[in-house]
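The structure follows.
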Amino acid sequence: MIDFQHILNTIVEEISSEPDKGIVATYIPELAKVDCTKFGISLLDNNAKLYSSGEANEMFSIQSISKVLSLSMAFRILGNDLWNRVGVEPSGDPFNHLSLLEMENGIPRNPLINAGAIVIADILVTQLKNPKQEFLEYIRKIANDNSINYDESVAKSEKETGFRNYAAAYLIKSFGNLKNDVEEVLDFYFHQCSLRMSCEQLVTIFYIFSNRGECLQNHRYLDLNQVKRINAIMLTSGFYDEAGEFAFEVGLPGKSGVGGGIVALLPNKFCVATWSPGLNKKGNSKLGMLALEKLTTTTALSIF
Amino acid sequence: MIDFQHILNTIVEEISSEPDKGIVATYIPELAKVDCTKFGISLLDNNAKLYSSGEANEMFSIQSISKVLSLSMAFRILGNDLWNRVGVEPSGDPFNHLSLLEMENGIPRNPLINAGAIVIADILVTQLKNPKQEFLEYIRKIANDNSINYDESVAKSEKETGFRNYAAAYLIKSFGNLKNDVEEVLDFYFHQCSLRMSCEQLVTIFYIFSNRGECLQNHRYLDLNQVKRINAIMLTSGFYDEAGEFAFEVGLPGKSGVGGGIVALLPNKFCVATWSPGLNKKGNSKLGMLALEKLTTTTALSIF
Amino acid sequence: MIDFQHILNTIVEEISSEPDKGIVATYIPELAKVDCTKFGISLLDNNAKLYSSGEANEMFSIQSISKVLSLSMAFRILGNDLWNRVGVEPSGDPFNHLSLLEMENGIPRNPLINAGAIVIADILVTQLKNPKQEFLEYIRKIANDNSINYDESVAKSEKETGFRNYAAAYLIKSFGNLKNDVEEVLDFYFHQCSLRMSCEQLVTIFYIFSNRGECLQNHRYLDLNQVKRINAIMLTSGFYDEAGEFAFEVGLPGKSGVGGGIVALLPNKFCVATWSPGLNKKGNSKLGMLALEKLTTTTALSIF
Amino acid sequence: MIDFQHILNTIVEEISSEPDKGIVATYIPELAKVDCTKFGISLLDNNAKLYSSGEANEMFSIQSISKVLSLSMAFRILGNDLWNRVGVEPSGDPFNHLSLLEMENGIPRNPLINAGAIVIADILVTQLKNPKQEFLEYIRKIANDNSINYDESVAKSEKETGFRNYAAAYLIKSFGNLKNDVEEVLDFYFHQCSLRMSCEQLVTIFYIFSNRGECLQNHRYLDLNQVKRINAIMLTSGFYDEAGEFAFEVGLPGKSGVGGGIVALLPNKFCVATWSPGLNKKGNSKLGMLALEKLTTTTALSIF
């Protein structure tokens, strides 16, 4: 049997001596303040056993990782009708390019690029009475943890500087694929991205994707087909234009955020989250990628 | 235990009553002659047990499926130096677009799009003394079957009409990423694509990718890391701009060809091949996709 | 000597029997209400003689024609520093594509595409105390006509539906090439485009471009080099992706608007304006293009 | 009256002290050998008076300037049917990009970009019995000069290194817009580009474009409409992605070549040619652009 605790401890130790820890994202001013030497990792196996090492309880801004969660909520509500509004193919482009959107008439390539997540946000704004509140409750319920919350200062910081997201939203709206007011949709979107969590909280939530749709309290959130689709999308599109690289180096479906978090999972086996705010050139956590590669190499566990 | 023989038989039966069998590719004149009602399927599990149903012994042109095989041979020879010449990211574009190639200075996005496979062909032409002969011997040896051969009339047909492949090759050469004469490289490439095999032969060969690099004769062709990378590339890039769709619907790494073949695999479990020459709009075998979806849905076996 | 009055009358007569009068633009709802059988033409020669025929005094929304006027005002103020903010090359793309903007880091190709005109609007918002008022006064003074005004209902209509302009503005802002608030810049831009004029008023104003920078009251607005540059930009970029076609068919620098107006000029000879709200597929007035072609063919006057 | 001889002499003198003479093109090896301090200029006015200064009789490779000549020959033969094969709009892209070609189904934007000139070459190969010989005779006849010839070593040099032109030709062929064998078409194209002439010979030939279609021997080659269209295309598309800049700085229709030649003309007034092999970043002769700007500024003669 695999001794996950020992493996995580070893990874944390090895990581601490890594000279190049990447560079903290500066385009969201509020995120630029974080200390890039920090590193935490948590793993929750499918026997519901939690292993942690390093700063696994420190809260950070989950940013784009939240796109998987909003997707799961919209998918529950709309079912496969969702795919009329957003595609399922990798974008083959950095995360913020509008060109494809223009060529493809306002249908974003997939729900994990910004444009796609904005369409998902629009769907939730349409479907929910109090979108921000209900989305937060959805997350809290999966986590069984009412302390999880938005970070208003990060949401405000993004709102004041997120011009490219405004550009994407208006472009989608010009094609008729955004039904609500842009300000309202982006207010939801920026809040969603500002969610603060620790690695331990993240694995507790993403457990539903490694556990066939059920959370630790055995409540079912997604059916098997929905989990399969979301995992497939994470694998092909979860890491901006480094998805192929991650698929090889790590070999797990996952999602990263510019706040330095990464979450990944092996279906029916475990869910893992890392946090380290220094990013590589493609916008993914440098030490997080390294740690996950060590994990799957050491354990020889991957989907491939 | 899963009764694969029964499942394959059921699939063949269900498939036979499918009204829409897709459309045979016409852009390679020699391929346009095939009867689109044909269907075959073979599965080789990791106990080396072979199951077949339908026309699993009929030979067809494997076309783009051969890209995985040439990649594996080049990867054996060059190791990771290979990735200086070709990327590992999904292209996010139909299989024949040159625009990306131009923007990215002649480095194809991945080895499974035409441009990437042409670079791989160039590598083999450089590395091998008698490229066509040695590549054929490599395939025959993995398959333990000396009857496998090129189809000269198909190779000739492609040579006379494959203008877009010439365009890609010359564009790559203009960036210095093609070292040999274009005619020589494409002669190899068109031959490689013209390989004729049956579903049974295909699974015997692709068994190395589901069996951690070893063939049925227990000869090792690739190490674990190489197999993992090739499987990852198949998953993210094996189905043109339908890779995301295939990842969800089927949930296996695989590769299709315009000749109507598809091969897919579940690491450590099985390798499967289908053949039906009618294609869907994205250029993948219509009945083959359907059959594989039935297979993974029925068995609940997939990587996700 | 050329009898312009006779020529204009003949053109109006011929135009009236033209079966295909194009289609009125509908994307700005307020513009969709106009009657597409209307046609007017005015010509002001460099002896200050005015000739008109048809509905040359009917007011219409000048829309993109205003881009030349805002450009002239910004050029007066900033001089050649202007060209650090916007290019002078034809865009080679339809008038509303954002892709180029993205590839070229937020520097629009030229000041006559929407993105470029928005940057010009931003410059005027920075440079002027009361931008809308001062721009209107600038136009009124050139025209020597205080009746010229904005059409608030058209400006409002564009504001409510001009999502693509919002997308362009935010994209430019994300690259740092828009200094003011997007709402404020677009409020100016939508007002500028809503200016209402007749053909007679238009030629009175554009006379400065055929008369080496001086208006009918002999006041100098631009120096010779500035006029030359603006005329050159009108020729290469004044007709969206039909600039080349217009250069050949008509052979004059000019600018069209989706309101159905076109203004064109032969340096040192005359300035001409047409109005007919039906547009061709490229967004230029169908009858206006035809009328101007007749004019330059009949008179054998063009820059080529 | 303008003293052209004095003006040309002054320009040559001023040019000689210019410190930055640009950089000689190296991508055609045979062209890289030329001395970049050389400069020549010739002007032929519409009274058939020839003025020259500097090295106006030195022969150089006219390269892309030849595209206007092959266009004129094809236009004579096919008339307006020509425009079914090639467009008339500026490309908005550097001279060698294939992306547009791909998006627009193999119809090049205009006949002065490489792709367009290759289609023109294909037309001539179809229409002429001995294309290279007949094209040469056409040029010699316009020039009334049988000494004009191809430079076989330059043609050969381009053939061996012009991979991007091969890529363009094959891409066009894949769309069915190239009727002959690629090798044959490019053999013609590379020869056409290798034509060697002096500035004096160039103005003698391009005189037909400033003289309404007639050469110095009063033979008519093109009708007025054809001349107008070709001049319009030169203005909008004659200088790669510097067409707008040239239209402003110089204000004349014209065409440049990587051999360092530029030819330009003012309809009904004069035709002018310069030669200096050092190029600016956009691929146009640095001193040539400067000289022509001086010419039109000093004389205040331009189309604008």
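A, B, C and D label the chains in the order they appear, each numbered from 1.
By definition in this document, contacts are C-beta pairs under 8 Å (C-beta built on N, C-alpha and C of every residue); 3 or more make two chains touch, one makes a residue touch a chain.
Quantities reported herein were computed from a predicted structural model and do not represent experimental measurements.
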Most distant chain from chain B by Cα centroid: C
Separation of chain A from chain B, taking each centre as the mean of its C-alpha atoms, in whole Å: 32
Geometric centre distance via CA averages, chain D-chain B, whole Å: 47
Separation of mean Cα positions, chain C and chain B [Å, integer]: 55
Residues within chain C bordering two or more other chains: none
Pairs of chains found to touch, sorted by chain label: A-B, A-C, B-D, C-D
Complex contacts: residues of chain C adjacent to chain A: 97-99, 102-103, 163-164, 166-171, 173-174, 182
Chain C - residues contacting chain D, complex: 87-93, 100, 109-110, 224, 227-229, 231-233, 235-237, 241-245, 247-248, 251, 253, 267, 300, 302-304
